[in-house]
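Two complexes are shown next, each including subunit A; its partner changes from subunit B in the first to subunit C in the second.
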Partner chain A sequence: MSMTRRIAGQLVGGLISILGASIIAFLFMRVLPGNPARLIVGPLASQEAITQQEKAMGLDQPLVVQYWRYIKGIITGDWGFAYTSGETVRHEIVARLPASMELGLYAFLIAFVLAVLLAVLSTYRHRPWLDGGVRTASFLGLGTPPFWFGLIALLLFSQVWGIFPGPDGRLGPDTIPPPTVTHFYTFDAVIAGQWGTAWDALRHIALPAITLGLAPWAFLVRLLRANLLEVSRENFLVVVRSKGLGRRPAFQKHALPNAFLPTLTAAGLLLAQLLAGSVLVEKVFNWPGVGGLIVDSILRQDFAVVQTFVLLSAILYVCVNVVVEILYSVVDPRVRLPVMK
Partner chain B sequence: MTAAPRDLVLDVGDLETNYYTQAGVVEAVRKVSLEIERGHRVGLVGESGSGKSTLALSILGLIEPPGRVVGGSVVLNGCDIAKFSDRQLQKVRGRQVSLVFQDPMTALDPVKTIGAQIAETILRHRRIGRRAARRNAVELLRDVEVPQADRRLDDYPHQYSGGMRQRVLIAIALANEPDLVIADEPTAALDVTTQAQVLDVLERLVTERGTAVMLITHNLGVVAEFCDRVFVMYAGRLVERASADDLFACQAHPYSEALLRSVPRPDRLQRGPLPTIPGSPPSLAHLPPGCPFEPRCPVGQGLDVCRTQVPVPVAVGDPADPIVAECHFAQERWSAAVGRSASGGGT
Partner chain C sequence: MKSSVGVAEGPEGGPRVRAAHRVFSFLAHEPALAAAVGALGLLLFLAVFGPLIWTKSATAVDVGSSLLPPSRAHPMGTDSIGRDVFSRFNEGARISLAVGVLVVVVGAILGGVAGVVAGASPGWVDATLMRIMDAILAFPALILAMAVTVGLGAGLETAALGIMLGSLPYYARLLRSEVLRIRSLPFIEAAHALGARRTRIMARHIVPHVVSTLLIQGAAVFGYAILTLAALGFVGLGAQVPTPEWGTMITDGLQYFLTGQWWIGAFPGFGVLLAVTAASVIADRTRDILDPRGRFAHV
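After this line comes the complex of A and B, so read on.
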């Protein structure tokens, strides 16, 4: 009852955020100096040609009308043209976004799994070595610029030791992309049973995913470690132990679920952020993701691409947040159930 | 007079627990010995920081680093559980001896239902199914007088009030009908009315089951009502032990007297500040060479004997059931008190 209301509230809030994001993206692109119509027709075109182009693009209309057309287009699936490439925005984004999302997903999985594992191992028993190592690594992970880490990783693991392939993007030059189902090469290759392709895709995604996942890992491991240490001092663990439970069941059944709650929220936000792509890491690894496309589009004032991308990432954020909210209510009764009396 | 062999549920001998902190070794429990007879109720009183809770956790083998039990024996039902491994202790905890924790607001896991937390201890020690454990948990909740027990079993701790949570903790402690319950300040966090109700519940249940209780408290009023014997703890030592009646009649140790004086009594409230014990307990990392209470003692403050010599236990009164106090002046104080009451000083 109250849970459905909470989720409904989340959805309404999310819609408002999406609207806000669309307005800001729209206005920003108009406020920036420069005239896209001029860019399209070229530097030698006459004033008349520019005006005509503006009319064709609807730029002579009042802002409200322009905004309304933009929203209507988004809903009806007409996301406009990317004039720099001449392709539809939809085509551009569909070609690029899955690469970013696949990379983000792997980066998140690596960060999350390793964070949980190492936080648990370094706090469950007194292991000064491991704990010190994890703390140092997370400190460095938070402070290291990802593009620098990526370059060093490429230098060592690809150039010097040859363990991982160089920055050829998602696949090696001799590998043909698998038939498209999910747009994620690793998944599609497995679906098609092309194990060689799957292996190649995995090898290619490993280094960029580790690079991209480093900072989120560092953040999560610190958070979870701190929460675990805090929970392990909680009185209810003494009570649980006084019932005759061993250290390990007490930790698994009581300490871990409690320590995990704040991590869940943080992990959700990080996932949304990672799925939306990263400019620098994608550049370092020649990853054909959405990051490069957006930077180019901003520089060339390619309105339609930027607006659509901002809106899509806002929707992604909101969706992840709603999912996290639902998960949270499932695991934490204090959120789900009201206090009585 | 031959004393009948006493049936002891707990016999603690020379128990020592230290905390190894950066500031030094804190001797929280210093060679403490105490016995509890089957079905009896003893009170363990003392200020905060006197080592009461550490003693309780040491008995249960639940001292965590940087603390460690460094010596002594804990004989429970004839077995020295101080020598047990944690695995062996797990079979004892919650079954033969259990704990009622002090702070009900933090003593329950916030993300598990009340029913699950009661059933957990039942399932740990008995070979019964989940359903039977659940029925058992409902009965226990009824026993501790939680209204609508069957409905409230699936509630979470945050849906319970403090008093109700304390009842749940009592239900957990009594779930497997242990021989001894250690109740660590079970009422400290509750308001006075709730305190009385919770104590009534505890008293009724342990009487019905014949459970021995070690009640840890700094509230001597509670002790007077509930306990047969009293142990007074100060700076990691039991400085006085006596039957409850004897202790309230005459305190051989000045600390016990000071403790008793500082109980606010509404029937003889005076103007001015409430009586307190001046000063604070000594640091257990740097104990004074003599009597640990000397710097605060109205009797021995500044006396050479108190400053330099650690008092040994002195037994006074009825040799069959003496008062034992660690004070150089115990004998004198007791004689004087007896003299006062003999000369008709009144009660």
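After this line comes the complex of A and C, so read on.
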């Protein structure tokens, strides 16, 4: 089977997944609830507003037409209004995206670096206490509710020991945001040469990033550790060692690269953890990102924002998974992925 | 990992004593598994017998004794309106474990049936079922549960439904591949050759072989269900306000964490941590013991 056909198959499969996901979202959020118009305009709206909203949403039309309009709205970026702020949903989400992306980036970096380091250490060196400690920590990391971990971290590191600042968002109350270039405060402050601001931004992002990175770290370290152990039992490593290569170069040049490759497939799951995690973590730290917006919207019964977020996450998630599968079949020639599994 | 199950010399006594002895001597070689079973057992005990050993009400408001730190009268303190956190913790254990069991049982049956049917049916049934599972998998699990609860109205029931829905593909995919694997084994061919009909092969030969797979996946889903339920409660989409669910209790404690009253939110979070970690350790160890090749999907 040619590579082009395989990639085309992956893309078609991804599209079908997105289509299915949009149908599920449509069913649960537009069809099943008693009155979707009321859901959109909120419980405080007048009867007039509901009727108007019903008309605007085309609820008198047949389901197929409604679905088509729904899809068209999502694709063209017409995501509706957030009634509590009076802004469009797109404006609300776009305005808060950089904060979430910056947090996600740091969380991922922390998780990735620590996972690689600890997985390598715990498998390369035969220290049962280290291996046991890493395994226990990874189980605890996956079992800890991230929002609760954030609260405990705030309690200890901010309240009791005063190492990190409290939950006041991206910067301290007295710090002025740096001039906008990348929208990432830590980068922008460095670009502008404002070292004090950069330090403040780093201190503020530390606890939320560690909290958000906990689950991805636990997941990655388990995966890498298992891969390393599996690869080191493979025959080719025995051959390499019996040809006289030392343990360390064999590990570095042969075991590590082969153990890394399968973790690529986990990129989608990591994204899912970061997406869902941001919803749970940002609120705790008053981080002004999309996740916090979602929780606030739920509390204010402003569901247009939540509905958009749900479908956008699904689309993003599927896209990442498709890209990963294509990359994987390109990078690793052994994979004979069937077209449209 | 060595296990002494087969060779354990049981003490004199009836078969029940011997079985118990075997279980204990097995757990003695599996400290992590033993700790996990113990932790879940403790939570289960509190969930079932909590109201008997600790009779304070979980919902009675007593403003006079609000925000009391843990003491002999209130082992986990009291919350902002004077409710006993320990009673609420026990009630929360009951809710979490019950929802976990419900999600696992219903999900395993529905997802298991979908997987077995997909694996044993002609192409178009298989393809349709698996496309549906792909569509569910397109959502990160928590976000699917959010979609369901937002659409159908926030509450324990809809939360359980959303969590269950998100777990279906994991059973279905796993069991489908198991069925496909088993179907190609010689003993199925032998049954065929002996004249057994398809339904008989399914019921007598394939289904019994996938039960252990289903159980292990169920244990993993159990932890995921409790964690997701707490997350939904935390963002206000799960159990609603007076219900002492662990996630909502953490939300209750949110604003008191930084004013020093940590116990309101800390204990329920610890309950979640204990239950979820215990479930995943049990799932992981049984998987390693029963299935050294590791065919299972991690939720």
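Operating definition for what follows: the second predicted complex is superposed on the first by the 270 of 341 C-alpha atoms of A that agree within 3 Å, B and C clash if a C-alpha of one lies under 4 Å from a C-alpha of the other, contacts with A are read in each partner's own complex, and residues count from 1 in each chain.
Throughout what follows, contacts are C-beta pairs under 8 Å (C-beta built on N, C-alpha and C of every residue); 3 or more make two chains touch, one makes a residue touch a chain.
Note that the structure is a prediction, hence the values are computed from the model and not measured.
Student: Looking at the overlay, what does A:V295 touch: subunit B (first), subunit C (second), both, or neither?
Tutor: A:V295: touches subunit C, not subunit B.
Student: Considering only touches as defined above, state whether A:V284 meets subunit B (first), subunit C (second), both or neither.
Tutor: second
Student: Please indicate which partner A:L214 is in contact with in the superposed arrangement: first for subunit B, second for subunit C, both, or neither.
Tutor: Neither partner.
Student: Considering only the touch criterion stated at the top, classify A:I152 as touching first (subunit B), second (subunit C), both, or neither.
Tutor: second
Student: Under the stated touch criterion, which partner chain does A:L245 make contact with: subunit B (first), subunit C (second), both, or neither?
Tutor: First partner only, subunit B.
Student: Kindly classify A:L142 by the partners it touches after superposition: subunit B alone (first), subunit C alone (second), both, or neither?
Tutor: second
Student: For A:N235, select first, second, both or neither according to whether it touches subunit B, subunit C, the two together, or no partner.
Tutor: So A:N235 only meets subunit B here.
Student: By residue count, is subunit A touched more by subunit B or by subunit C?
Tutor: Per-residue touch count on subunit A favours C.
Student: Identify the overlap between the subunit B-contacting and the subunit C-contacting residues of subunit A.
Tutor: 341
Student: Show which residues of subunit C lie in contact with subunit A when the two form their complex.
Tutor: Listed in rising order, the residues are 130-132, 134-144, 146-148, 150-154, 223, 227, 230-231, 234-237, 247, 250, 253-254, 257-258, 260, 262, 265-266, 268-269, 272-281, 284, 294, 298.
Student: What residues on subunit B touch subunit A, complex-wise?
Tutor: The contact residues of subunit B facing subunit A are 57, 60, 62, 65, 86-87, 90-95, 98-99, 101-103, 106-113, 120-121, 124-125, 155-156, 158-159, 161, 169, 172-173.
Student: Which residues of subunit A touch subunit B once you look at their complex with the stated criterion?
Tutor: Interface residues on subunit A, with respect to subunit B: 126, 234-236, 238-247, 253-254, 257-258, 261, 331-334, 337-341.
Student: In their shared complex, at which residues does subunit A touch subunit C?
Tutor: Residues 13, 16-21, 23-25, 28-30, 32-33, 39, 139-140, 142-145, 147-149, 151-152, 154-155, 158-159, 166-167, 219, 226, 271-273, 275-276, 279-280, 283-284, 294-295, 298-299, 303, 306-307, 309-310, 313-314, 317-318, 341 of subunit A touch subunit C in their complex.
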